[in-house]
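Below, chain A partners chain B and then partners chain C, in two separate complexes.
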Partner chain A sequence: MIKRFLQTFSVVPMAGWLLGAFVAVLIEIYFGNLISYYLYLPKIPVLLGTLVALRDPALIPNVLAYDLAVYFIPVLAVSLLSAPLTNALAARMQKMPLWAATLIHIVAFYAILHLWAGISDYRVLVVKLTMISIILTVSLNIINGYQGEFSCSHPGFMALGAYTSSVLTLVLFSNDKVFGEALLPAALGPWCFPVILIIGGAVAAIGSLAVAIPSFRTRGDYLAIISLAFMFIIKSAIENMEIIGGPRGLSSQPNYASLPMVFIWMALCIWIIHNFTTSIYGKALNAVRDNEAAANSMTVNTRRTKMIAFMFGAFWAGVAGGLFAHVLRYVNPGTFGIQKLAEVLAMVYFGGLNSIYGSIVGAVSISVLGEALRPLELWKWIIIPLILILVMIFRPHGLISFTEIDMKRVLRPRNTAEGER
Partner chain B sequence: MKKLVSAVAIACIVVLCFSTSAMSQRQKTIKVGINAPMTGDIPKVGEGSKYAAEMWLEDVTAAGGIEVGGVKYPVELIVEDNESKAESAVTANTKMITQDDVLIIIGPQSSKQAVPAGDVANNYETPMISPWSTNPATTADRPFVFRGCFLDPFQGPVLANFITEEFGFTKAAVLYDVASDYPKGLAEFFKAAWEEKHGEGSVVAYESFTTKDTDFSSQLTKIIRSGAEVLFTPQYYNEVALIVNQAKDLGWDKPIVGSDSWGSAETVELCGEACYGSFFSTHYAAAGAQGATKEFIDRYNEKYGYVPDDVAALTWDSLGLAQAAIEGAGELTGDIKKDRRAVRDALAKVENFEGITGNMTFTEEGDPQKCAVIVKISDTGAYEFYKSICP
Partner chain C sequence: MEYFLQNVVNALQWGSFYAVVSIGYSMVYGVLMLFNFAHGDIFMVGTYIGFGIATLLLAMFSAILPPWVIFLLVVVITMCLASLVGVFVEYVGYRPLRGAPRASAAITGLMIGIIFETGNLIILGAQRFSFPALIESVSYNIGGVYFTNVKVLIIVASLILMAALHTFIQKTKWGMAMRAMSYDFLAVPLMGVSINVIAPLTFAIGAGLASVAGVLYGQAYPVLDPYMGIALGWKAFVAAILGGRGSIMGAALAGYLLGFIEIFVAMVFPSTFRDLIAYSIILVILTFRPRGFFGMAHSTRLRL
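Right after this comes the complex of A and B.
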């Protein structure tokens, strides 16, 4: 039955799914309040109604009815009915350069996401935090997946980026009690924010040298230990620096990390890291992971390759930290501790090693599950680890490991046979 | 397949038609949000807050709801777990404000969650009372954010004055955790107040350690050698037990004084006899309490099996403040934004609220003016009321 179901929908191209989602979002925007009113739901359910359903199980049928009426039926119906049209569209886009077709899809996807999230500010926040976890997870996957090491310093890099960018925005663009008057007009702020994020990332990358230089002389567990130590050093250092707030942290960063800003950075991160891993450096990195001596004999400069990959991962962690600080508008050193590390590691290993696709799946599922199971309180911390354990037993490399994104395949029209593409 | 689908559909429709709990959703209720650390580092704090809130809800429900402008509204509690994390406290607050339409939020308890969560509440113009957060940044420049406890800049001088007046000492030692925001801030305020009284250098030893340290012998040896007459250590209960016991072992026989973080029932349990005879300042004293305070303690003890600590008492008071503000809001229009503003204005105007942790009046900043209580740990290990010091 499931097979037949899947077969029916195998003719729908990516563009068709996007169209279906778009229609569903429009329905929710225009009729969501009405539908939820008649279904006795208190409000438009945010995360497919899980929050409402778990709090009050009597509402489960109502929530299911809502999901069916607003999401499943419109998405399935529209995507299936429009399949001939969208397939023609996909065929036309296939003739365009790949980057253009991809860009069109991404813009369309963002538009849908923006409309969907715009319904509730809570959704916006959840989406932002999820996208930041995606950046973190994908960047950690470079080190723990593609490079095959075990690094524990990602929260430390994140802290470096978060603090650097926070200090910069506070000094430059806001009247702060600690740092005094703004040095530049506040109107410039949002435009300079990307530069500030890059500086934050660069500081994290330079900081990562402190781990990379001593530990890449050897292989094995040393990196795990040194990087763990690095994380604690960063945390204690910030705790002891009174000028940046010490253990009390920094607050009231300007509100620059808007939804499009975070989305663009996430898209950039995925694109650049994807290119990196499929480039010669990425191949060299995989060679080093599989057999360092062999790679060395094949003229790969192993030390340099490892250093570059490590710094590259740290850079993106720094960027993620900067975004994180400006979404929450508060940072304190306590945030960047063992708990954060466990979270990111769980996302990487849950999603799958050596796969950007897997990292995205891991980051999204763990963050969204964490939000959606909120009403369960303590049980949430039993269910999520349990899922993790099950994944580790049945898929030791994670849900989707060693798979690359192939945009051409994803975007292709589906009405023709595989071989013709 | 078809049969299954139609069966599910029919079941859904039938349940929809008869679901009574769904019907009752339409009734107008007052929703009060609780943002508490139910899981994470300090679950006991979350539990205390939740229990206090449940007791409050019981009272309100028994009274038929809260009466505003002549109409009685039923009350609903929305308890959200902030996992003792800053980002989770922010998402919890955003969810309660935008999804659940809460009228007022109680919590988060610790400053590291209350500071960012307060920003959210203020941006959405929703009144919030943090019962336990002592960081000035929580309420600073945020007209919608209030707190239920006194601040460290008040507590530090209170203790300095108390020690001076009670014992007439002039030389003090301080031992604190440099990596934790609360002890560090309090140690600084105490030092400043003490040195102002007794001159530069009168804090003869100012020693620090880092969170999760368990051996304090080198710091304590320095303190003993410095000739200090009293030791001030604003630590949490688990560290207090270690510090006090190690100090006694090293031959320290002078008084040890602590702050409101000592006020957990665990302090004496872990510390044992070494702590007997010590003093600390806090929000309320359980032993020897009278009137409404005693009533609250007895009820809580009977219901949950232990004496409530200061978090529970402060949450109880914050809920009382919230209730007073809602009742004083005039009327509920049904426009949640307007109602929240009305509640906020009423809250700022609350005067001499009689709480179980003392009488409160809010300052401009949303911080209460209230008295601190000095508690002595008696020879049987009970927290005895010793003295009350008002600003």
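Right after this comes the complex of A and C.
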């Protein structure tokens, strides 16, 4: 029966789902308060109502009714009814260059996300942090998945990026107690922010040489320790630098990391890393992972390949760190420790190695699960590890590993025989 | 000079914990070529088990038995119970993953560790417990160097444990099977030595050692905390690598070395620099000796 149910919806193209989601979000914006009032919910439930339902189990039917009324029924109905229309649209977009069609879909997706997140500040925060986890996970997948090392230094790279960009924005654009008057007018700030993020990423990339160069001679467990030591060194060094706050951390970064900013960086990151891994460099990474000696004899420059992989991964980790610091507007060295490491590793290995798609799934599911189960407090840290253990036992490579996204297949119209391919 | 000797005594005590715990990592690595990332938390669980047994025994027998008998009983019972924890970890987290990528087993180990920490918080709550003193502390002062009988006990007990383990591995049939397994993972199971017997045994021994380290730790630093295994566990893990793959001697020596580095860094610099300098030294050592002190040049690609 489930199969038949899914069969009914196989004619809906991606554009149709987006249209359905758009209608659902509009319903939530205009009627959300009304519906939640009649269902005795205190306000519009954030995150599909899991927070309300877990806090007060008596409200579970109400939450389910809300989800049905606002999300499931509108999405399914609109996407199914509009399928002929959206299929025609998809067929027209199929004739455009792929980048244009993809861009249109991404912009539409962002618009929906923006409207959905705009309902509460909490949603905005969750969405921003989820997108930062996506950047982190995808970039760690370059080193741990495509290149096949077990690197533990990602929180260290993130800390480098976070602190570099925080110090730059505090020195340049804000009147701070520690760093004194702003050197440049604050109006320039949001425009220079991307440059600052890139500088933060570059510092992280240079820092990653400390791990990349030992990796010429060793790999596997010894490299894991070197990278772990690197992470502890960074954390400990920051703790001992009084000028940037020491163990207390840095606070009151300007509020530059808005939702569109984070989204654009995430989209850029996914796009560039996708291109990187499908390019000849990505193939070289896989060759080094599978057999270093053979790759070397096939004229792959293994040292250069390893260095590129580490620097590239670290660059994006640094950018993610910069965004993270400006989203929370507070960083301290304790954030970038073992806990963060376990989180990022869990996302990568849960989602799947050697797959950007898998990394996105892993990052989104672990961070949303972490937020949605928040009312369970301590039990959350039993449930999430248990899920991960089960995934590891039944799918040792992760949920979705060794697959790539093919935008053409995702966006194709679903009604024609040619689209069925 | 007295100050120096004093620090040597402290470093020996501190290094003993690292040495005993890192042996557990090293043994599992020798047999399975995997790290047991739950080992730090097994140490924590062992300490709590020791705490429970000690409280129970003190309440029941403190009037009848002399303190050293109680101490020995606590150590033996804790060791037995904690080795069951080790077997459990192997059964749940490592046995289903034979033949899976090595990183997957690392993830299950980490997650079992998190479950132990959280489970402890859920069962026992956030209150801090204090480990009861099993042996009355008597302090001595020889030539300006101050030490207590607890310190001596810790150092001597760790050395005895390591000597016993060495004998076990070198002289007994089981020890021979373990050495054989670490020598060749593929051929030895064909000779009638089952990996499903040797691996739990290794985990059990490692967990037993860690729990004794926990009881001794409780004598020196009585405040218990569910997260106490993290810092000590990761440093012991580093020591195990530093010693060389699967080398028990190396792990013990590296444990003591780490203890000395930490204590002497704290002697010269402010103590906040301890981690920074300790890990920098480790980074330098591993850059120039990538296989650790006693590691064999051996392809790690064998089981990937």
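Definition applied: the second predicted complex is superposed on the first by the 417 of 421 C-alpha atoms of A that agree within 3 Å, B and C clash if a C-alpha of one lies under 4 Å from a C-alpha of the other, contacts with A are read in each partner's own complex, and residues count from 1 in each chain.
The rule is simple: a contact is a pair of C-beta atoms (placed from the backbone, for glycine too) under 8 Å apart; a residue touches a chain by one contact, two chains touch by 3 or more.
Note that the structure is a prediction, hence the values are computed from the model and not measured.
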Q: Using the superposition on chain A described above, determine whether A:Trp381 touches chain B (first), chain C (second), both, or neither.
A: both
Q: Tell me which partner A:Asp67 touches in the superposition: chain B (first), chain C (second), both or neither.
A: neither
Q) If you stack the two complexes on chain A, which partner ends up touching A:Arg248: first (chain B), second (chain C), both, or neither? A) first
Q: Applying the touch criterion given at the start, work out whether A:Ala342 contacts chain B, chain C, both or neither, answering first, second, both or neither.
A: second
Q: Once the structures are superposed on A, label A:Phe150 by its partner contacts, choosing first (chain B), second (chain C), both or neither.
A: second
Q.
One more residue to check, A:Ile226. First (chain B), second (chain C), both or neither?
A. second
Q: Check whether A:Val46 is in contact with chain B, with chain C, with both or with neither, and answer first, second, both or neither.
A: first
Q) So, A:Ala237: does it touch chain B (first), chain C (second), both, or neither? A) second
Q: Check chain A for residues that touch chain B in one structure and chain C in the other, and list them.
A: 236, 239-240, 247, 378, 381
Q | Of all residues in chain C, those that touch chain A in their complex | A | 29, 35, 92-93, 96-97, 100-108, 110-112, 114-115, 117-119, 121-122, 230, 234, 237-238, 241-242, 245, 272-273, 275-276, 279-280, 282-283, 286-287, 290-292, 300-301, 304
**Q.** Footprint of chain B on chain A - complex, ascending
**A.** 1, 39-43, 46, 51, 56, 58-59, 61-62, 64-65, 120-122, 125-126, 129, 236, 239-240, 246-249, 251-252, 324, 328-330, 332-335, 339, 371, 374, 377-378, 380-381
**Q.** Residues of chain B defined as touching chain A within the complex
**A.** 1, 11-12, 15-16, 19, 21-23, 25-26, 38-39, 80-81, 85-87, 90-92, 94-95, 97-101, 111-112, 115-116, 119, 124, 135, 137, 178-181, 184-185, 210
Q. In their complex, what parts of chain A are in touch with chain C?
A. 144, 148, 150, 210, 213-214, 217-222, 225-226, 228-230, 232-233, 235-237, 239-240, 247, 291, 338, 342, 345-346, 349, 353, 378-379, 381-382, 385-386, 388-389, 392-393, 396-397
